[in-house]
Each structure stands twice: as C-alpha cells, then as structure tokens.
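Just below sit the structures, each encoded as structure tokens.
What follows is chain A paired twice: with chain B in the first complex and chain C in the second.
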Partner chain A sequence: MQASRVILLKFLIIFPDNLSVDDLTREFLIESQEGLDRMERCLTELEDRPDDRELIADIFRSVHTIKGTTGFLGFVRLEKLAHAGENLLGLLRDGRLRATQEIISGLLALLDGLRSILDSIESDGNEGGGGDDAMIERLVVLQQTEPSNTSVQASPPQKRKKSTRKSRAKQPPAQAAETTAALAVLQSLETTIDLPANGAQDSASGGTAARSATADSTLRVDIDLLNRMMNLVGELVLTRNQILQATATDAGFALLSRRLDMVTADLRESVMKARMQPVSHVFAKFPRMVRDLSQMLNKRVVLEMEGQETELDKGLLEAIKDPLTHSVRNAIDHGIEMPEVREQSGKSPEGTLRLRAYQEGSHVLIEVSDDGGGMPVERIRDKAIERKLISREKAAQLSERELMQLIFLPGFSTAEAITNVSGRGVGMDVVRTNVEKIGGKVEIESRPGKGTTLRLRIPLTLAIIPALIVRCKSNSSSGCLQQSFALPQGALHELVHLSADEASTAIEWIENAALYRLRGKLLPLVFLDSLLGHGEGTPAHAGRSGETYIAVLNADGRHYGLVVDGLADPEEIVVKPLSSVLKQIALFSGATVLGNGEMALILDPGAIAARAGIRLAEETEDVEERRELTTGTSDEYLLIEVGVEQAALPLSDVLRIERLPRSKMERLRGRPVLRFEGTLLPVEDSAGLANGDVDGEMTVVVCRDGERHVGIAVTQVLDVAAGSTLAEAGTEAFAAGVTLLKERVTGVVNLARVPALPPMELLPSQFPEQEFAEAWQ
Partner chain B sequence: MAMTTKDSSTTAVTASGVLEVCSVRAGDALFGVPIMRVLEILGKQTVQTVPLAPAYIGGLVHYRGEVLTAVSLRQLLGLSLQDGLSDVLVFEGWDGYFGLMVDAVGEVSTVSSEKFEANPSTLEDRHKALFAGTYKLDGSLLVMLDPDHFAPDQLAEVEG
Partner chain C sequence: MRALIVDDSRFIRDYLASLLEEQGIECTGTINGQEGLDCMRRSGPYDLALVDWNMPIMGGLDFVRAVRADHGYDTMKIVMVTTEADNQFLEAALDAGANEYLMKPFDEMGLMDKLEMIGAIGD
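Entry: the complex of A and B
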C-alpha cells in the first residue's frame, strides 16, 4: 500500500495533466502490441523447440512487461489476465512444466485475450466488459497438467487454483461484483507467487537492459510528421530546381548550387528511407495464422519465409496486409491437400507454404506459393458458369490460363460450403482490387499436382511513380501551347514514332475510328488532344501534320494507342491528389510538379480507355492480349524475318528495336558493328542486309546475351507470340533451338553463338594508341 | 469547421466594429476578402489549365509542394479568362487548400461595420451566393467575397 501511494504521487508529479496520461497510455499500447507480436512469434517457434529456455524467457518478459505497466495505469482486467499467464510461464521458465501443445494453445489464447483488451483500450479508452475467468481457469488448469515432483514449490499452483475457484464460486454472474472478485483473486495470487515474481523481476530487468541498447539508437516518429517531412522535401526539391536554373550562368553560385543539389538529393532519399519498413512486419503474423489454420483444417503445413528484410513504404505495407492474408488463407484452404491425399499422390504428407519477398527494379515482389494440388481448371470453369460470371460458350473458348484468371472475378468461389476460413466469395477479387489500388499487379501460376504461386508486384513507394511526360497541343486563346501530361510507365507497352510524312498515311480510318497497324494487327487509337476537347471543330482525320507519337497502352487488359504530339523525358514524379471537383473529370488520377517547375496532370490510362469506349470493340483482342501476357515471360518470342527465313528471338532478351540509316553501319575487321553512345555493338548479319543501298534504312534488334549486348540485323519484325516447346519424336527431351510459334516450327536464334568482337591482342601492335582507343569507343 | 470560422469572423466584426480586408481586383471591380482567411498570397503565378474542367476552375497552382485547384474570379464574374500570370490567394476550405485567381491584389485596409450593407435585392441570384455584402468606401464600393462560397467544391454544388 505504501509503495503504491508513492507511485501514485510520482505519477501526479510527472504527469500533471490528462494529456500526458493519454500519451502514456498510447505509448503503453504500442509497446504492448509489439511485445505481443514478439510473443506470438516466439510461441510458434516454441512448438518446434519446446525446451528452448531463451524463447520462454522472452515470452515471459513480454507478458511481465504488460503486467507491470498495467498495474501502473490501472487496467485491472488486463493485469489480472497477464498475471495468470505469468504464473504459467513462470513454471515453464523454471523447467517445472514442459511446453506441450496444449500449453502453447492456451498461451496463444491468452495472447488473443490480451490483444482484444488492448484493442478495446485503444478504441474507447477502457478495458471493455466481459470476464476472463474461463481463460484464467484454463491457464490455472494448465499449470497442473504435469505437476512437478514433490518439491516445495509444487503447492502454490494448487493453492492458487483453489483460491481462484473459490472466488469464482462466490462471484455472481452480475458484472458489478466482478471488480471486487477480481481484486480478491489478485490479492490471493499476489501472496502465493512471490517467489517466481522476484525471479521475473530479475530477468525482466536484464531484458530491459539488453533492449535499451537498441532503443537508444531508434526513435518512434509519428507517421504524420514523416508525411509532412516528405512534402517539405518535395518543396525543397522544386525550389532547388529553380535556384539551379536561376544561377546557371553565375560561376560564383555554381558551386553552391551544386552542393545544394547534392544535399537535397541525399535528404530526399533519407526521408524516403525513413518511411520504409521490412516486410517482416507483415510476415510476422503468418506463422501463427498458418499454425491455427492448419490445425483447424487438419492439414500439415510447413511455412518457409524468405527475404523478410526486403523493405517497403509503410503505407504500402499496410495496404498489402489484407491481400496477403487472403492469399495465405487460400493457399492453405484450397491449395494444400489433406495429408492422406498428399501421401497417395506420392508427396510428403507435410505441405509447404512459401512466402518470398524480393526486390526487382522499382518493384517489390511477394510470392505466396504452395506445393498443393494446383488449381482445378474444370472446377473453376464450372463454378464460374454456375455463378453466371461467364457464359458457357465463352468459357469453352478460354485457354487454361485464361480460366485461371476467372478466380479474380468478384463473387467467385469454388468452396462447396461456406466455412469461416473461406468460401464467401470475397477473396481473390479483393486481393486484386487492393493491390491494383496501390499501383501493383497480381499474377498467378499454377501447375496441376505441383502447386500454385501467387505473385504480388508492388511498386516501391506509393507517392513516387515513374512516368513518361507527353505533350499535347492545346489551343488556348493566346495561340498554340504545348501542355505536358504524365503517363504512368506501368501501363506503357511501347512507343511508336511517326514522322511528319508517315503520320498522314500510317493512321487509317474506319468511319470515325482511327486505327494503326501494329505488326499486322489493328490497334485502336485515341487522340489525346480531341479527347481533352482541343481541336474541336476540325474533324480529327482531317489530317495530322507534324510528328506524332503513339503510346501503346495496356490498361486493365484494354489495348490501345494514345496519340500525342510530343515526348519529353521519363521522370520520377511525386503524385499529388486532385481536388474533388477535378476528380470528377475522371481522366486524371492526380497531378504533379515536374522538374522544370511546370505542373502536369497524370493521365489515367484505364479511364481514358473507358471514355473512348475501347473495351467493347476490343473484347477479342483483350483476351488474346491477356493470354500473351500470362503465357509467362520465359516463352514469349519476337518473330523476325531475316532474308527469306523466319526466326524467333526470346522476348526476354530483346532490349530494343533500332531503325537506322544503313550508313551508320561500320565494319571492324570485316565484322559489322554499330556505335551507340560510346558503346560498340557487334551485329549478326547473316543475310547480308548491311550491303544494300547505302541511303536506305535497316532494322537491328538489340538483344542481351548474358552481360553483353548484340545486334541482329533483320529484314522486318513480324510479331510477338507465345511459343510452346516441342518434344523430339520418340524421346522425352525437348528439342533445343526450336519452338512452335503460331502453329509453325520456328528456329530460335542462339544469341551465345553470335561471335564476340575481334579480341584486342589480334589487332596490329603498331596500331597507334590514339586510333586504337577511338576504335574501341 | 469553415462555418464556425466564418461565424467567429462575423462576430469579430460586430464586437469590434472593424474588419481587416484585403482588396483584390478583377476587371474593373474592387472586391474584398477577410484577411484572416487568407493563408498566403502568391504573386505572378503561372496557372496550369485543366482540360475539361468546369469554367470557374482557373487551373492548378503550385503551392509549397502541393498542387492546388484555383478558382478564377474573372470566370466567376463572367469575364473572359486572362492569359499570362495572375496573383493567387490561398485559402483553406472543407476539401483542403484552394486558390483564388485575381488580376491583382491591392492593399489591406480596415473597414468599419457601420459602412456595411447587405446585397441589394436586385443582384443576380448566382452573385448573391458569391457576394457577402458591400462596404461603402469613399468614392467606391468594396464588394465582400466569402471564401466559403467560392471554394471549388461549393461552386460545384451551386454551378452544377
């Protein structure tokens, strides 16, 4: 009593007003949540290593810290529950009990109990109604599952049990009496567990010391403050740009400006980094979830996690939490089979669920893969027809891969009965919507009998996206102005440039619909200027003068070309939201400030397609396009014509297609080579295309072969198509170097066979240094 | 939020009897906005037009790293849009910050509530919603504008 009064006094002195107490509570909540997260992790690990004292001590500390602080803040219910758990953990820690499956389940239940009280405190400031007696009872019973020897300490648990029972018996169901009863229990417990409590104090303080070392080097920062910092940095970047432009001519300022430039760039990067968190924050809850789910479904699942240190912006991390949970749940419920079924099909009874995160360019990829039965394509089709998501005729035309995409339709579910695990028809469509909302993509791959992989492709940061700046003529009252717009790179497939002469002939018309022949297929065109209401009065096909660019876009499976008047550099843009009035225009997804200080609206490719009515006209193309996309990156080919022969190039190795005057082609020791911005490119020209008319043009496909780049001279590029492998007759082995493209056997160009440049030592030794260097530029 | 601010500014007038007004010019007319509501005055701004936007939207303005929607006072009054640079006043509305494009920002003056008069009944309806009354100055009239009435989202409701 004396002690508590002292604490109370201190409390009053340090925290004179309510505000600080709220702060204290919030701090406590954050710390406790973290503690419980850690406890959850440890508990699932404990299942594999039940004798690991370290783990138990860690769990003990988490619960003990909560108990210690709650007493201080006056959360009686929480303290009571934590206390009961601490008793059980004390016995485990002292080795008087062994962590059985039952005990771990009990502790996990305790964890959930604690968590729900914390949630209640967070939402309305009090611990909420409801009793924890059943839970406490369970914990007390667990303490006796394996009563240890005949040691003196054996008696306290029993005594405790009795006292709890008694107080429970005394307690009427009415809530009013609960507080007093709880206090009674508390007191009776206090007297009995003196000994372990002291021990706990020691280990706990040891733990605090260890933790404070890391605590000293880190700091909790409010996310709003970080957002504000991010905005300020953006502002600084723009001011810097203006200063750089203004001082460009002044030599005295140049050095200072450059320094400002560097510091700003560093600062921007640091602030962005501060918003990054490792994906382990999201992954951490899965061991528990997998455990619970697999037990509930009587399945055996091993969880493997990889790349937990991969970092992602905090906002994005929050956004993928739900989609990822859905995916894991699906994989266990639908993916991994029952142990008997697995054994029958010759697999280990234990299924494996793999979570893998890794960075690829400006994206973070998160894979959820299982080694289960794969997706039953027939059942997916039947269910989709049954739920009227697709017509029978249409379904019959779809390939397996297209059928798999059906699972992303709203309302789709193959579960026979609605369980609390899944089957409510809200699942994969939610996953896709949520991921696409943050600019990501969902891909699915499945092989019957082998398993399913779901891949979430998430952009690194939400606020900054790569975009191509396009220009569009706008006829404002003062004459012809060029306005800039930002086109998100994510939807951009390729760019087609039409020179002033070509523009008038290359664009063809069916009534009012403009079309462009892209590798033999008709691509519907949308003119940005007429879409935006410029150039009204003059019919669009009255002829376009000047250079024209077609941005080939793919938005939600809709394929079209956006015609613009000019291109500027690609830029990483900071997305700023639009006011609601401008959102209603529904063609722009935001606005941004460009490096030169100009403002640009961000075009929404999906909305533009919808406005231009692309979808209806392009239904068939849409499906075909999707098939090509989903056929995977590994077996897509660029179909080329060299001389009279057709050949295929693996699309993943193709970097770009160059059209250049033949005079640019040079020869080095008899081998055709090309110079590109200071690099030398060996060109394979088997058909002797470089020997034609010097004033003519030729096409070179630039490819990647391992580290080096090589060029392939081609007569023309025909198409992009998905190829399939062929087995040599009578053998299981795949025929190397050929593929089936568009129902035709086509040879695949072996890039590794393109000879390297003549080695340096073969060059004449009297080659003057100067010239030598030039030759290799 | 904005309503309470407005109320308090009105009460401030009645209590002290004076109000500080920032005068702005659009075309030939002189207008006033309560200076307490003005967050910042951006001089000579390039305003980026927004295709397909309602007529009263002047465009986008860059303000401290944010992109603001600016309402054009000229367009609201039915005057033709002016090319080139405009002065922009920044306000805070229900839907965040927004700008008001004017031809020029004048001086800040103190007006007395004794000189105040409500809108004349002969005023067009849409102007009635926009104007908050008039101060009779020596030799001219100062028409008051209410930021709560020309915020973009408010105009969207009124102008449709």
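Entry: the complex of A and C
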C-alpha cells in the first residue's frame, strides 16, 4: 500500500492542473466497472457459446484494459489479479484452451475478486487487505487445463460457490458505486468530456461519435446536476401555471403565456428523458444471478428477457433494483420446482424464468414470471394463521386472490423461512413497500401447476405528476375555509358529481359506513373532511348540504370513493417532499405549490384507504359484492335475481355476498353445500346455478336464519332498496312474504325453507392439511 | 502539431491527451483503428499517432498496416502503446511500420523521451 501511495504522489506532481489523480481514479473506476459489467454479460453468454471468439476477445479486453490502466495509478493488487486473469484469457483467445464450465466459473470468481477491489478503492481509495493468492493460484491451475478435457484438479464447484457468495456479500450495492462514481466525474465535467468534443476537432469527430453509439455519443451527466435541472424545470412549471392563471384574462399575454406553456412542456419532457435509462441496466445482472442460484439449488432455469430497451427514470430504476432482485430470487427458490418434480408433472425439467418490461400509458410494467408450481394458497393461509397475521375465521372468508395478498403482510416471512437464497431478511412486504414508496404497485397472479407472475407497476417518473386539485371545506371557528389538495391522477378512475339534492339521498348509510351505488355497484365512501377532522363525526354527513363530488379511486387494490366539496382544474404538480411532522400524519405523499400560489398537500390514496379501513377488492370489477352488509334497517331489502325471477332478502339477515369460483361448491347427497367459516353452509339453488361451467364464478348470498347460516345462490345482486311489507300475501312456495320494492311487488325469500344438512357424521372429512415445507416470502 | 490517439480506454485517451496538450499538441481521440482511419480520412494526416494494441473492430497492428499502405500518411509518426502482454507482438508492429513503442504504465517523462526519440518534439 505504501508503495502505491508513493507512486500516486509522484503522479500528482506531473499531472497537468486540470486533471488530478482523483479525477483519473474516478475515470478509471467507471471504465473498469463498465468493463466488468460487460465481462459478466459475456461470461454468461459464453456458457452457451463456449467457442465464440468474439465473446472471448471481449472478455479479454475488459480484463486487459483494467490491467493496462491500473499500473498508472499504482493499484498493485488489482494489477496482479488482472494479470493472472489476462494470462488465462490469452490462452482462451488464442484457442489454446477451451472455455469449460470450470474455466467460466473461475473467470466469474475473478470478476467478483476484481469488483471487490474496485469497490474498496472507491470507498476509501485503497485496494483493501486480503490476499488473492488462492484466486491467482486457481487461475494458474486453470491454465493447465487440457483443451476440451475437464480437469478435476480445480477447486470443486461447491467451494467456488461459497467463495463467490462471500465476496458478493461483501460488496456494497453496485448501484451506489455507479452513482458516486458518475457523480464524481461530473464534478470535473469540463475536463472529462471526451476528447472529440474539444473544439477544433468537432467536425473531424462528428461522424466518429455517431458511429460508436455506445462508447462516445453519450455523455455522463451527474445525477445531482440532473436533479437540480429537474427542480428548476419544476419551478418553471409552477411559474408557468401561475402565469397561465394570471394572464387568463389578458388577450395579449395569453398568446405569450401559451408559448411559455409549450416551451415549458417541451423542456420538461426533455429533462425527464435525460433521466431515463433502459431497464437493461438492472436486467443485466440477472443472467449471472440466475445461473448462480439455479446451480446452488440444483435447479435448471432458463432466463428469458424481453423489453430491455424500455426506459425508466434513473432514480426509479435504482429503487426497483432490490425489489426486482428479490422477486427473481423468489421465483427461482420457491417458484420453479426441482427438475425431477417438473418431469413428474409432465413439464420440461428446465424451468423458464421470464423477465419482461414494457410501457403501458404512464407506467412501466416489469413482470417476473416463472412456469413453476404456482403459489401454495392453502399453505399461505395456514402460515398466516400460524403467524397470527389473520384469524382463522377471517382467513376462511378470503378468496384465493386475497389469500395470495397475504404474502405481502409484514411478518409473513420469518427467520425459519429464510433460506440461503431468498432469505436476506427481506420479505415480500419490503418489496411491496419499496415499490409503493415510488408510487408503484405490485400485483401477483398465480395458477397452481402453471406458475406465478409478479408484476411491478412503476410510474415513468415521480418528480412531476398530473393531479386533480380538490377542495375541502373546513368549518373552523374563523368561518368556512376552502382548502385545496392534490389528488394524483394515477389512482383516479372517475368523478361523480352529486347535486345538493342528490347528495342527501344518493349516499346510503349502513351503520357508520357510507356507500354510494355506482352503476349498480356499491362503493364505500370516505369523507375527506371527516378524515381531516373537519367534519363532526360521520353519520352527521347523512344530512350533507351543498354539492358533492366523489372521486372514485383505486389504490393498492382498494376501490373507494373520496367525497370532496369541490373540484378545481387538473394541474401538473411538482412533488416536494414533506417535513417529517406532516409525514407522521400518513395521509399525504408530498406537498406542492399550485398555479394560484397556494400550497397544497398531495393526498395519498393508498394511505387514506388504509386509514379508513377499506378492504382489498377481490376483483377490481366485483368490489361491491364483497361489501359486508351488516345489520341494516329491517325495512331494507337486498334485491336479487335468481334465474329469471327477482326476489328480495331482508338486509338485516344478509351477512355477506360471496363471489366464488363454481368449483368451490360441493355436493352433499345431491344438495349443494359450501364450506364457510369452518362450517358447512346449505345452499338454496333453485335455479341450478351451481351446475354451470365449472371454471366460472357464481354469487352466493350468505344469510342468517335464526341460529344457522344459509346460502342463496343468485344470478346477480341487483340493488338494495327500502320496501314496505305487504300483509298476508305469502302464497308462493319460494317467498316468505311479499314486499313492494321500487314500486314492484317482489317476493321475499323464506330462509327457513332452505333444507337443513344431513346428520353430522355423514359430513365429508376436511381435506388433509398439506405439508408446509417452504413458504412464500 | 496534431496528434491522433487511438485507444478504446477513455482513461488512457484522457491521460495521454492531458500530457500532450501540456506540450501544446492538439489531440483527437478515437476508440479503435477503424475510427482512427476514418478520422484521418476526414481531417487529413496527423503528425503523430499513439495507438493501442488491443481494440475491438480494428486493433493496433491492422491500423498500422493500413496507415503504412497509404503513402499519403508517410510523414505520420506512430507510437504503439502496449502492455507487456502485447509485447510479444511488438516486433510485428515495428515491422509493419510503427516508429516506436511505449510501455504501459508510463509517466510524462517516459512519453516525452519516446516522442523525442522519434523527433516528434524537440527538447
């Protein structure tokens, strides 16, 4: 170390003023890291094409360049290691050796070794302690490998993996390294702009730069600088908004401000584009990871990647690195089965892991899909119960889709479940949190035996978002104030306007829960004013006065309506971080300045839903049917359709409306039954709805009949309506009474007539609990 | 005086340029032999070329051969910049018409010595 310092000092003296040792070292680090990234990519490809001379030449060059430049900076350890690698690679390049599995593994280990030294240089300027003798020895031994003959001399694979993992674990996250390095270089932007950019040679090198698209046509830009530019553009956007409002009345100014508007929009777009990077930056490390993991687990996995050119904001790309890595680990560890198991179930022993990125509107979607065994829903349920994340009763009510969501609960994965591969103390809850932190969403789809797809939905950018400005009245002592809030458009589905008359009648109350019927579906409502503590307590809203708007939101799988007092124009808002005091309120995701100069807090639809206790929607389309209808007034009825007939159920007896796959219906002595909260539910199915397509779904209304529960199979739930019972009319076999609903005579279902179940001892036994060997984290 | 730097390492290009510009030599960087040739074709002969050995697309040896095949470039001095791993091929480069070679790592003094030797700079 001492020696290299001396050399460094020597160089310090002779270097021209404008290029310091630090600059050169940074340059060296960036170039070397790029080289190693390329080497990693090539090495994984080399496994498939061990005789590809181009690949070998590429890998050789990466190591060669490091070796060639490291001497300038006096990094002796690095030079020695790179030199040993270069010798081995030289033999490969000259065709005197063939790239066997062992050699590739050795080169991967070399890659790790070089990386860890570079990381160390980056963090403190020193190469770090530790010897590379074993590694160098290994590379030397590999040089003696007979061509096309696998040597057993080299370290056994077992050992390799260990050392690989160890050295990888020591590495600080690569992204941090890149960022710091890029940042550093930009501090000396003038001097590090590539040579062809130097004035006089511009014309000479114009074509050169254009041709070498990857190497020199791009300019490294400091992230801090970009952030600053983004902030400035943000300010410009705000100023523009203010000018637009201020000049709305002046015709001469209007033209001018329209131009400002256009220029600002263009500029904003360009700066945002400058921050975009292809997802291949993140994808690039997966071939290696998949290779290492599958070897370690003795699984066979083919990695397919699609849409690598899809671009995403640099900051967001960094943010999804870890969640994505974790998802890939999970897919290999838990998703894809062992080759034998796969063969037994008639699949190819080789599992396929697919990474796919594509843009959809203002979002980039990244999918991690495997063709493995799918998620073990029953085990997830049992584990969640075992971990006391959910009660047994509640679990029984959940659909498969809801059960899958349990893996996102904090504490779902615990120490016992941590395996070598997946377990790094990171559970799916962290994946979800991280993705939601950047305004994204995680979706999961799984089919037993077919595989699982995890989908990350990431907004293109975060800094500037379209938002709807909503207003909320606050009846403070100082009078009636209107406060503005920004509602991100991403979560907004539609807006409903209720006139003062409608508002008082259209919002229905069931106990303390407010509901609105949107195209026949019940939408739970959250009142912004009472949420903020402005209102006087919920039921008082029953007598709301004045115009009301409902913003129909979908956030984190929760579907609900946010009731606000007024709407303003949609605006592009610049998201500013919140102070920690406001963060604690946990209803806001940021703050912004509006066009009229007013400050506005940005509402966080997900947090609001969570605060208000909105349930997860089972299916985005069928939200309302899962709404629990608790005790209502006895005069209210649930209007249902059974076959071609309409009928009514007293709302007070309705416990819940269950939408379920038809395959869940079972038969007991020819009668349809349903397992429900650990008991069997007799189901009245007068229209034979359970006999339809087994893969389809059906709706069952669960009702209370005295001490027992019964289910009524219905074609659909139509409405909730108030009705008055007509006296002495129950002549129909189906009906317990007749009621006048919506001015139509409707039969009321006689729950007591639903036949009871056969004696208990004849009940079919519960399915044996399946073993719980592994768990989704 | 104009120098052409042909090297796929940005580090080396910048380092060389910083040393040469100190001497008042104007530098152009290119990333491989082919780019170097294209650059010469566009902007006329250079006085000096510093050429790396191992580069993608067109390496240093092929570059030297191509340059020497064209007598329009006869006055251009070529210095091969090599590492010891390249050294075994050095003779081939000198045979092909390179004027001198420079071993990596080099410092300012080493570079200036070589440039004086080939008469690219006076003392």
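As a working rule, the second predicted complex is superposed on the first by the 394 of 777 C-alpha atoms of A that agree within 3 Å, B and C clash if a C-alpha of one lies under 4 Å from a C-alpha of the other, contacts with A are read in each partner's own complex, and residues count from 1 in each chain.
The rule we apply is simple: a contact is a pair of C-beta atoms (placed from the backbone, for glycine too) under 8 Å apart; a residue touches a chain by one contact, two chains touch by 3 or more.
For clarity, every value in this text was computed on a predicted model and none was experimentally measured.
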{"item": "Chain B versus chain C as contact partner of A:57, first or second or both or neither", "value": "second"}
{"item": "First (chain B), second (chain C), both or neither touched by A:314", "value": "neither"}
{"item": "Partner chain in contact with A:238 - chain B first, chain C second, else both or neither", "value": "first"}
{"item": "Partner chain in contact with A:591 - chain B first, chain C second, else both or neither", "value": "first"}
{"item": "Which of chain B and chain C A:96 touches, first, second, both or neither", "value": "neither"}
{"item": "Dominant contact partner of chain A by residue count, chain C or chain B", "value": "C"}
{"item": "Contacts of A:383 with chain B and chain C, given as first, second, both or neither", "value": "neither"}
{"item": "First, second, both or neither for A:67, with chain B first and chain C second", "value": "second"}
{"item": "Overlap of chain C and chain B interfaces on chain A (superposed complexes)", "value": "none"}
{"item": "Parts of chain B lying in touch with chain A, wherever the complex brings them together", "value": "46, 48-54, 57, 60-62, 64-69, 80-81, 83, 95-96, 98, 152-153, 155-156"}
{"item": "Residues of chain C touching chain A in the complex", "value": "5, 8-15, 17-19, 21-22, 26-32, 35, 38-39, 42-43, 54-56, 83, 85, 104-109"}
{"item": "Contact footprint of chain C on chain A as seen in their complex", "value": "10-11, 14-16, 18-19, 24, 27-28, 31, 57-58, 60-61, 64-65, 67-69, 71-72, 83, 86-87, 90, 191-192, 194-196, 198, 200-201, 203-205, 207-208, 211-212, 215-216"}
{"item": "Partner chain B, residues of chain A touching it in the complex", "value": "231-232, 234-235, 238, 474, 476-478, 483, 532-534, 576, 578-582, 584-585, 587-588, 591-593, 597-601"}
